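Next come two complexes, and both contain chain A; in the first it sits with chain B, in the second with chain C.
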Partner chain A sequence: MKNRFINTVKLRQGLTDTASSVLALILAFIVSGLLVAITGVNPIEVFASLFKGGLGSGMALAGTLNRMAPIMLAGLAITAGNSCGVFNIGFDGQFLLGFLFAGFAGYMLPLPSVLLIPVTFAAAILGAMLWALVPTLLNIKRDINIIFSCIMMNYIGKYLVNYLIQKFPGYVPTSGGSPNIREAAELPYFIEQPYKISLGVLVSLLCLVGLYVILFKMRTGYEMRATGLSRSAAYSAGIAVQKKAFAGMMLSGVFAGICAALELMGTTGRVLEDYAPGYMGLGIAIAMLGRQNPVLILISAFLFAAMKNGTTLMQMNTGISAQFVLVIQGLLIIFIGIGPLFRYLLNKRSERRLRKNA
Partner chain B sequence: MSTTDNIIELRHITKIFPTIVANDDISFEIRRGEIHAIVGENGAGKSTLMNIIYGLLQPTSGEILLNGVPVKIDTSTKALSLGLGMVHQHFMLVQDFTVLQNIILGSEIRKGAVVDYEQARQKVMELSDTYDLRIDPDKKVKEISVPMQQRVEILKVLWRKAEVIIFDEPTAVLTPQEIDEFCEIALKLKAQGKTLVFISHKLGEVMRISDRVTIMRLGKVVCTKEISDTDEKDLAHLMVGRDVELGGGHREPIKTTEEVLSVRDVSMAVGGVKKLDGINLSVHPGEILGVIGIDGNGQDELVNAICGKARADSGEILLDGKNIIGKSIKQIRDMGLSTVYEDRLKDGLVLKYSVRDNLILGYQDRPQFLCKWKAFLNQKAISENAQKQQADFDIRCGSLDVPARTLSGGNQQKIILAREVSAGPRLLMVVQPTRGLDMGAIEFVHDKVVEQRNAGCGVLLFSLELDEILQLSDRIAVIHNGSIIKTLPNKNVTKQQIGRYMLGVLDDGAQEAEA
Partner chain C sequence: MLSFLQYMFVATFRLGTPIAVTSMGACFSQRTGINNIGLDAQMTMGALLGVCGSYWFNNAWIGVLIGMLAGIIMGLIHGFVVNTCGAPMAVSSQALILFSEGLTIIILFAVFGNIGYSNQVASISNTPILANIPLVGGILSQLSPLVYLGILVLIALNFLLYKSPIGLHMQACGEHPRAADTAGINVTLYRYIGVMTSGALGGLGGAMLSIGYMNLFQDGMIAGRGFLALGAISLGGHTLRGSYIAGLLFGFFDALQLYVQTTNAPIPSQFVQMIPYLASLLVIVFASGKNSKRGQPPAALGQPYSKISGTR
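So, the complex of A and B:
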């Protein structure tokens, strides 16, 4: 054994993953930059203010970190599903149900902080898992396409939440949401000085490590990933593939619930009507960039949080709409998706070069 | 010898793919009116070369001379127009079209805007009669047998007036009788002045019909020989580069009446069609039972019923005396069945998993690979296991951490074999274990299977290759139409005899009941 500490093959794999993610990222920035340039705004200025708003000061950095918590959870939720070969496109619905359950618990229960915060987390997880359970069971018992039922559940979830908000005791019409949660349910900061960092950041990091341990260190994770990579091989090896897919969807639901709880207890403080923070799209982008690699997931979640955090400054300085971040995000997904095309073109080119040399 | 005696001349053909040199400076000629065989192992570059001649690939360098004139063949249409036709290993036929429609498809005779079927039929039948192909022009392709489909492919090529016909592994899909018929057809084509190029790795047929043979190894031409100057052993030696001994070598005699597997009156229907019809067979410890039959006679269903993927409708399957019908794949596996599935890429390996991780697939819940409350994997034990298997089974890979996808077929099969054998099974079920492997790997697989047999494990072998069954089995069971119609010890049996059983004809000449 040449080197017992650094596993070169794994390292090389990690580097290739990183390289293709970085390439996609650069391309996404170039193309979105071109789009901005067409509208007559200097793209350098746009990106500069975007990143200044997200990373430019200690204050901005702290804000980005706090935003990163729910975004990373969304990425983990999609990653957990993908690992088992199920695409949890029902994340939005699960998030909203978790949001509602957490809002209700945080508002209704007269408990001290130490109890109320865990209970609120639990309520959010319960709500999200419940919403993930319906399409999963339909799929297992009745073989109903999980993608369609998940999308439908997203709509049902959205309107159900809008409706149920009005049933909160003390609901004020036209307030745009439920009453605020109790102070005891608000997520405390685990660092106060010099900048406030929410406990959510810690929770999200723990979840990241947790998912990594489950997928790569535990037996069940081995079986889950086998199911995700080759359902037929896993089945032939005697792995209960349906149970693993079920577990993947439920795990995804758990992360969706935690994401909702962080959002509620750390950001909004109450259940809002028509709330659509767009976490599913970010989650998909992070899962695609991250490829089950915890470091890449962390970096990409941080990057998206920075962009999201920087939009205000960008909008102020350049007049470009905050939706611009969605454009970058969409382009990124496209460029990662066409990765095989890049490889094909590269192969083609090296073949041509060989022919010329021959 | 004038140049026009050579219908095709290859000069310094080189084809470089990004990772490998598939053809390296290939030069030889094909004479007009001969049957020229090209033999070599997988990856020797035979198919690449044929695809270059047929215009599907472009050579990196080198040239092709046709009748002494350099030609550039850049599409298969061009190849056809030059009189080159190819019969692919996997037929390119429209299942729902009739034989006639398939033959003329793409070069129809027209009468105004419509196809002139009358004239086409007449001409196709003339062709068919000339070569004694006996096709039925109005049957749909999906209704006719595999050898008939092959004849349709041949007629397609003849219809396009090909002078040279390239056959890619034409006998891979045929039974021994059908191979005899194919050889007759080939000789008839030759008698009519056609030139045949015949790619194969079955040396028996090569010896039988070829005039000359070109041997390829690792992208290069080893040599071209007159068939009268060589024999099967010599060819195998030239292909592999060393002597090959198939059949697994020394065997201990079996001395037990105990049965490790016994299948009794098992019937099973799939989608309303009865696929298994009262199957009976048994495997003793320390013997290899070879199940042979034409593809689609119930082998897949029997495999599925034994390994737990499908549930038999009636009868019983006893593994070490315990009925396994209704048990899960995992339960059966834990009771002592190891399976080497037919499709190693789909069922045998998680291709993106490392070699190391693949070596525990299906056994990841065995205590030796676990630690801490049996929930966590014991990475150290898994690595040690991988190193041991790599050494014992000569798995060649750069590192145990590379994905299984990057290994050659032979090494992939070694991973599977290592994993399944090292579990210490009571019964080892191997399905088409050497399909697509080269000679060296086949030899290795045979050795390992016989080693298991000698160690007292029962082996149930499924194969479509009669040669393999004859080389490996202690007893042979012939499956036809979902039943085992004959079980016999592998002593003094001929290929022809087994071939007859495979078609459902028993010794007294009676056709099996259904016919």
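So, the complex of A and C:
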């Protein structure tokens, strides 16, 4: 009896959550449509080509899936930090260092593919963790605000990477980046027919499952989540909260590194100067929409990847700049953020009706 | 040597004031309990709408006002999403940053017909009235009047927050909103005032860059200065004065960095560009420690307080 009660409550909660997410999506499209209409472009045409470019054909779908891999890793990185109560705003710097380390490994090491790809992943993880370690240690040893040091490390990392790219053997000035990585380091396709799907998709799904297992099926994960929910309560329960926060930041760094490796081996093929794909913003958005739920993380990562993938066709058909999708994404997050308002208004209405009936 | 000092003085205030003003505003908002991470969004909108206003009315001061208004609207949205609806602050801030980045393109295209930059508009980059002051007039008149406005705002807000009853009420909202509410203080109102002030000052900071320093808007011109302003708060020990001075310190390092670039020193340019960030990090490493008496953020920072989010 009690069990059934919990299930209906959970179901209702899930339904209202879904309803408010769908409502937020609709509102985001309406408002951004109005904004684009101001510039004199037909919004329906814009959304149609965005949809067609992201999901409209098998090839578009495959492209979206391939784009999803690094985007989802960014979401996992932010989720891992948030679960332990640390907000990893240093993702961008960690990503760039991982990018550089992976590029160096993929370019320098004369290994067969079977060895080179794991080594490149490991190099990226090492680079990203190194960059996550500095703010964490500064926080533990000198009590320095982790947000501040992460932001500074992002900029330091950006300029350091720009400098080190020039130190690659065989660097060509004004090429905008390092030389290409070895062919053996490029990610193979795990499905070739009918559309090419990169191994990165499989890696990203494994990482999603991995994070779920760590957070929800292991003792460490339980302690991490407890730390994230209430540091003082976790401390009172005998959990080493500082260690858990440290672990959260490192885990976030690992995912940032994998994200960078996927981007390098699957998309760019070399380390680029001033590279800013904007994954941190998307990662934060995914982490917030996903709320530690693997299915929701997968759905939102897919949605953002589809939007990113659809921009090329949208730009070609309507002349609207690719940055327009940022408006949709920003509005979507804002409307999901004000979800409690919808719920509050709904509850108030039903309360009033109850009072009337009584 | 004298000309170097003169350059450093002028450049420090020119480059530092936008960050300092934004940082002061965000610190003010933090004191009432709302953490505003999306300062980049407010600065971008302030810079862009400032240029638009100056273009529409051919008057840079009206541009500044419109830029501040744009910042206030961004602040209002942030306050509503974070405080009233109880969404995590990072969510709303990131959403606003994404939103403003995209909106920039739409507005630039709608108003100027370009995508990357605006037309050149009326600007206020120096203060000719001060030129008549003997000895220092020549230097002081090179600075925008907005630089002086920033200092006046600092004095006013400092008085308001630390010396007036209203300011104490505001601080109570940041330390313990429930206690403040019990004492009859309107927490929601004061928090909205806090976050809207931060929005206005973020807009002012942005407008300072676009029409107080240059005379046009370029896509990406804010370049993370909002995050620097956020860093300046913790560098300045979470006080208004401290964050203002820390913001100017960023300006100083930035000026130094630009100077070193012109001297052909045998240092790779990337390391020179790193100076502001590395120096700030080192400053805070040496200034803090377990035993230092640095200011703390308010106790209830980032905790929503409203009926809708179920926290009241």
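We adopt the following convention: the second predicted complex is superposed on the first by the 316 of 358 C-alpha atoms of A that agree within 3 Å, B and C clash if a C-alpha of one lies under 4 Å from a C-alpha of the other, contacts with A are read in each partner's own complex, and residues count from 1 in each chain.
We take it that contacts are C-beta pairs under 8 Å (C-beta built on N, C-alpha and C of every residue); 3 or more make two chains touch, one makes a residue touch a chain.
Predicted model, so just to flag it, every value in this text is computed and none were measured.
**Student:** Check whether A:217 is in contact with chain B, with chain C, with both or with neither, and answer first, second, both or neither.
**Tutor:** The first partner, chain B, only.
**Student:** Does chain C touch more residues of chain A than chain B does, or is it the other way round?
**Tutor:** C
**Student:** So, does A:10 touch the first partner chain B, the second partner chain C, both, or neither?
**Tutor:** Only chain B is touched by A:10; chain C is not.
**Student:** According to the stated criteria, A:38 is in contact with first (chain B), second (chain C), both, or neither; which is it?
**Tutor:** Touch status of A:38: second partner only.
**Student:** Between chain B (first) and chain C (second), which does A:233 come into contact with in this model arrangement: first, second, both, or neither?
**Tutor:** After superposing on A, A:233 lies in contact with chain B but is clear of chain C.
**Student:** Using the superposition on chain A described above, determine whether A:171 touches chain B (first), chain C (second), both, or neither.
**Tutor:** neither
**Student:** Which partner chains sit in contact with A:190 here, chain B, chain C, both or neither? Use first/second/both/neither.
**Tutor:** A:190 contacts neither chain B nor chain C.
**Student:** Identify the overlap between the chain B-contacting and the chain C-contacting residues of chain A.
**Tutor:** In chain A, nothing is touched by chain B and also by chain C.
**Student:** Sort out for me which residues of chain C touch chain A in the complex.
**Tutor:** 37, 77, 80-82, 84-88, 90-92, 94-106, 109-110, 115, 224, 227-228, 230-231, 234-235, 268, 270-271, 273-274, 276-278, 280-281, 284-285, 288-290, 307-310
**Student:** Can you check the complex and tell me which residues of chain B touch chain A?
**Tutor:** Contact set of chain B toward chain A: 14, 16-18, 60-61, 307-309, 328-330, 333, 339, 341, 346-354, 357, 361-362, 364-365, 370, 374-377, 379, 398-399, 401-402.
**Student:** For chain A, which residues are in contact with chain B within the complex?
**Tutor:** Contact set of chain A toward chain B: 7-10, 217-220, 222-223, 225-226, 229-230, 232-240, 347, 350-351, 354-355, 358.
**Student:** Which part of chain A faces chain C closely enough to touch in the complex?
**Tutor:** Those residues of chain A that touch chain C are 35-36, 38-39, 87, 89, 138, 142-145, 147-149, 151-156, 159-160, 162-163, 281, 284-285, 288, 321, 323-334, 336-341, 344.
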